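Two complexes come next, and they have one chain in common, chain A, joined by chain B in the first and chain C in the second.
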Partner chain A sequence: MKDLVIVWLAAIATLAIYSILYKENPIYRFFEHVFIGLATGYSIARLWSDVLLPSWWQPMLGGQWYWIFALVVGGMFYTIYLPRYAWMSRLVMTVLMGMAAGIAFKGFATLYIPQLAATFRPIFSPAPPYLLVNNLLIIITVVAVMTYFFFSFEHKSRAVRGTASLGRWLLMIAFGAIFGSTVMARVALLTYRLWFLVHDVPSRGIPHL
Partner chain B sequence: MDLRLEHASVAVLALELLLCGLILGRIFAARAGRVPFIRRIPGLAAIDEGVGRATEMGRPILFSLGLGGLDIVTLQALAVLGHVARVAARYASRVIVPVRDAVIFSVTEEVLRDAYTAEGKPELFQPDDVRFLSDRQFAYASGVMGIINRERTASSFLFGTFYAESLILAEAGHQVGALQVAGTPSTTQIPFFIAACDYTIIGEEYYAASAYLTQEPTFLGSLIGQDWSKIVLLSILVVMVLAATLWSLTHGGAMGDFEQGVKTFWEWFPGRAAAGQ
Partner chain C sequence: MNLVLLLKILSGLALGIGGLALLQRLRSGERRRLMVALTFIAGLFFLLEFVLPPGTTFFGLVPPADLTRDNFLSSWVEVIGNVVMVVGGFAFGLGLLNLATIHGRTLFRARAGWQNSLAFFVAMIAMTLAGLLKDHRAWVTVHDVLFQGLYQPLGASVFSILAFFITTAAYRAFRVRSGEATLMMIAAFIVMMAQVPIGMMMTNWLPTEGWAASLRIESISNWVLTVLNMAALRAVGFGIGVGWLAMSLRVWLSLEKGSYFGKEM
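Now for the complex of A and B:
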């Protein structure tokens, strides 16, 4: 019986959310709010069970009393609602922003430098021609796309305009390829949902009388 | 305990110092009065058009900050939001900002309040226009879709980190005929924004937004410094491609030692074992 209710609720919720494809309506509105409420409740429960309980509450009760200070720092966020003490919330936010900037430095070292080093490829060599074409394509793409993203001067000279234009075309080709492959993933998600509606609901959701 | 920074190496340190020096140098030069030129970026120029449209139609503006936490991408989106809110405040338009992160929620409130105050209209700021929906991706998307449809937003600005919900949000805006400007460094979502939005800010243009919109000397200097940094990186690239070509021609196409040498160079740090050992 429980399975039956769950399957039918899921089917109704799916159709209600899809109903916005026609137009916004009270049924969509109701299920939208149910969805948001459930999702937020679920997030709070997961936050407690996956983060706060094992990483904060249990260590604190287990003798690591200094974790109580995390509560103080977390509480400083809420001073934003007290104009007199709002400066305290800015302290926490500033630390977080500084941390984000620091992480960006690390990202430069871990992400961009290996990419740069991987572009150091020969354009003439005894290697098979297809490898050289591949190398040339990578190097031309990097140079052209970087030229497109220069902002400090107008792309007026013929050489710069041509290179930047090539960069834009190459970007669009790459985006087209990404579009195609991502659409396939989205169609797979839709197929999964439609399969649920036309197969799972009839097979599991209709009570045997 | 090894207290050295992960991924730190002499080459990385030297390169980061050089690039930071270039950027700081340009920032100081711009602040000293040498305000640099930056070229027109059509997508960013359309932002004011979007706000103007909302004012003419008497409908609100929607600004989504995406799904990112408090990181560089979201900070940039908040800078764009600050500009949009100031222009909107000037024309007494509403800006609705649905958010999915509790930390971003409070920062967003500050940004919006500051923007309305800076334009001398603090009374126009409505705290209810900053709405925490959910930190779950599709719950957030369904909430934003609902807001767009119910409020019949005249313009949608989608700036930040987006994932699979990008097309859902852009399609909802398209349904109500909103003028849409999107900007994200999420490479896999840019194609969807290009397909569904009127203007899309791509790649590095996203990080140029705050400089372009505010024309603040500090931001402009930083942007020009980044251009100079790109010239340095392109120069390194050209030199190393020539070196690789020379190596390949003189070593019969065998690139193993060259690649290992580059790897060792980038990863070398005094006292640390050599790369590959």
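Now for the complex of A and C:
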């Protein structure tokens, strides 16, 4: 019985969402709100069971009473609704931003420096020629695209203009590739939903007498 | 929970609220200086933790747990990470309050679409309860029905309709007959065709080994993705990284000005 309810609810929900492809309608709006409500409720439950319960509530009740200060600091966010005390919400926000800034230095070094090293690889070595050509193409692409995004001075020189133009063309290839991948990911989801409607609903949703 | 612990927790709460009351007594300039100082210290901690070499102690007093890998600040990173996670978790309520305010107004003033707002509240409360109580036998069914019957299919359907919107956008983009649009279309075509059987059939007659194998559509797609696409995105990433670093420096040193940073306190 539960499976039957799940299958039919899922079918109705799927069709309700696809009804927007025809035109804006109240059924779509209703299910859109249901989805937002469910997503919010799911996030609340996950936040409590994955974060607040194991990292705050349980340690606090386990004897680490000082975790109550986290509630006070977290409560400072809500002073945003009280104009007289609103500055406190900015205090806690700026401290978090300061931390994020400090982490950024480490993040930059660990994320981008290995990428820099991986970008400028040998173009003269005993490696197979196609690898050397690829290494050269990677260097050219990185330099050309970075030149295109370099706005600190006007692109007056012909060399800079040409490099930036090449960068724009190479960017278009990259955007095309991203676009293709995105379309295929969405189409895979669509195929999965259509398969559910034409296969799963008749096989699981209609009781066999 | 024993009484002593409860008293400690309540005392801590009173102490925290008292601290906030003291903070409120600060003057505008003092509040700003406090903010600048705390922001700087918060950033400095993570910067020092990163730049100090392994084995560094705090004047010989606090030895790191692992002398070959950590310095004296390293053990605090996880603790601070936990605190940030918990404090950040409390901020979730801000978004919740915002949603509740918008839908609450619509519902109680019976504005157009109040039924949708009611559906939002019912769905949110039901899913919260089902998520929190899913280990209880009676709630397992409710959780499964809501999660598998509504949440999952609604999520998948919402994201899959983007396939239609993205195709419409592509049609408009590719109608612009420029060299760039053509190049973008060719790259997209190659990547898409390499992922579907009909696309792969186009070059199925080519051998799977040797130099000719690199002309098969899946090889060309792989080359576009791992050489040109990767290099172009890496260049964009470098730009973002430098901007991120500059912005972080401005925030850390409280040099940033603007609507948020320059307000009176």
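The rule we apply is simple: the second predicted complex is superposed on the first by the 204 of 209 C-alpha atoms of A that agree within 3 Å, B and C clash if a C-alpha of one lies under 4 Å from a C-alpha of the other, contacts with A are read in each partner's own complex, and residues count from 1 in each chain.
Here is the rule we go by: contacts are C-beta pairs under 8 Å (C-beta built on N, C-alpha and C of every residue); 3 or more make two chains touch, one makes a residue touch a chain.
Not measured: the values here are computed from a predicted model.
Once chain A of one complex is fitted onto chain A of the other, the partner contacts of A:G102 are limited to chain C, with no touch recorded for chain B.
Look at A:E24: by the touch rule set out above, it reaches chain B but stays clear of chain C.
In the superposition on chain A, A:W48 contacts chain C only, with no contact to chain B. Residue contacts after overlaying the shared chain place A:I123 against chain B, while chain C stays out of touching range.
In the superposed model, A:W87 lies in contact with chain C only, and not with chain B. When both complexes are overlaid on chain A, the residue A:V187 reaches chain C alone and has no touch with chain B.
In the superposed three-chain model, the partner touching more residues of chain A is C, compared with the other of chain B and chain C. By the touch criterion defined above, A:A159 reaches neither chain B nor chain C. Touch criterion met: A:F151 reaches chain B, while chain C stays clear of it.
Looking at chain A, you'll find residues 17, 20, 29, 32, 35-36, 38-40, 42-43, 77, 80, 96-97, 100-101, 103-106, 108-109, 116, 119, 139, 142-143, 145-146, 149, 171-172, 175-176, 178-179, 182, 186, 189 touch chain B in one structure and chain C in the other.
Contact residues of chain A toward chain C in the complex are 2, 5-11, 13-14, 17-18, 20-21, 29-49, 51-52, 55-56, 60-61, 63, 65-78, 80-81, 84-85, 87-88, 90-92, 94-109, 111-112, 115-116, 119, 130, 134, 137-139, 141-146, 149, 167-184, 186-187, 189-190, 192-193, 196.
Against chain B, in their complex, chain A makes its touches with residues 17, 20, 23-24, 28-29, 32, 35-36, 38-40, 42-43, 77, 80, 89, 93, 96-97, 100-101, 103-106, 108-110, 113-114, 116-117, 119-127, 139, 142-143, 145-146, 149-155, 171-172, 175-176, 178-179, 182, 186, 189. Contact residues of chain B toward chain A in the complex are 6-9, 12, 15-16, 36-39, 41, 70-72, 75, 103, 106-107, 109-110, 133-136, 138-140, 142-143, 145-146, 149-150, 164, 167, 172, 187-188, 190-192, 194-195, 202-205, 208, 212, 223-224, 227, 230, 233-234, 236-237, 240-241, 243-245, 247-249, 252-253, 255, 258, 262-263, 266.
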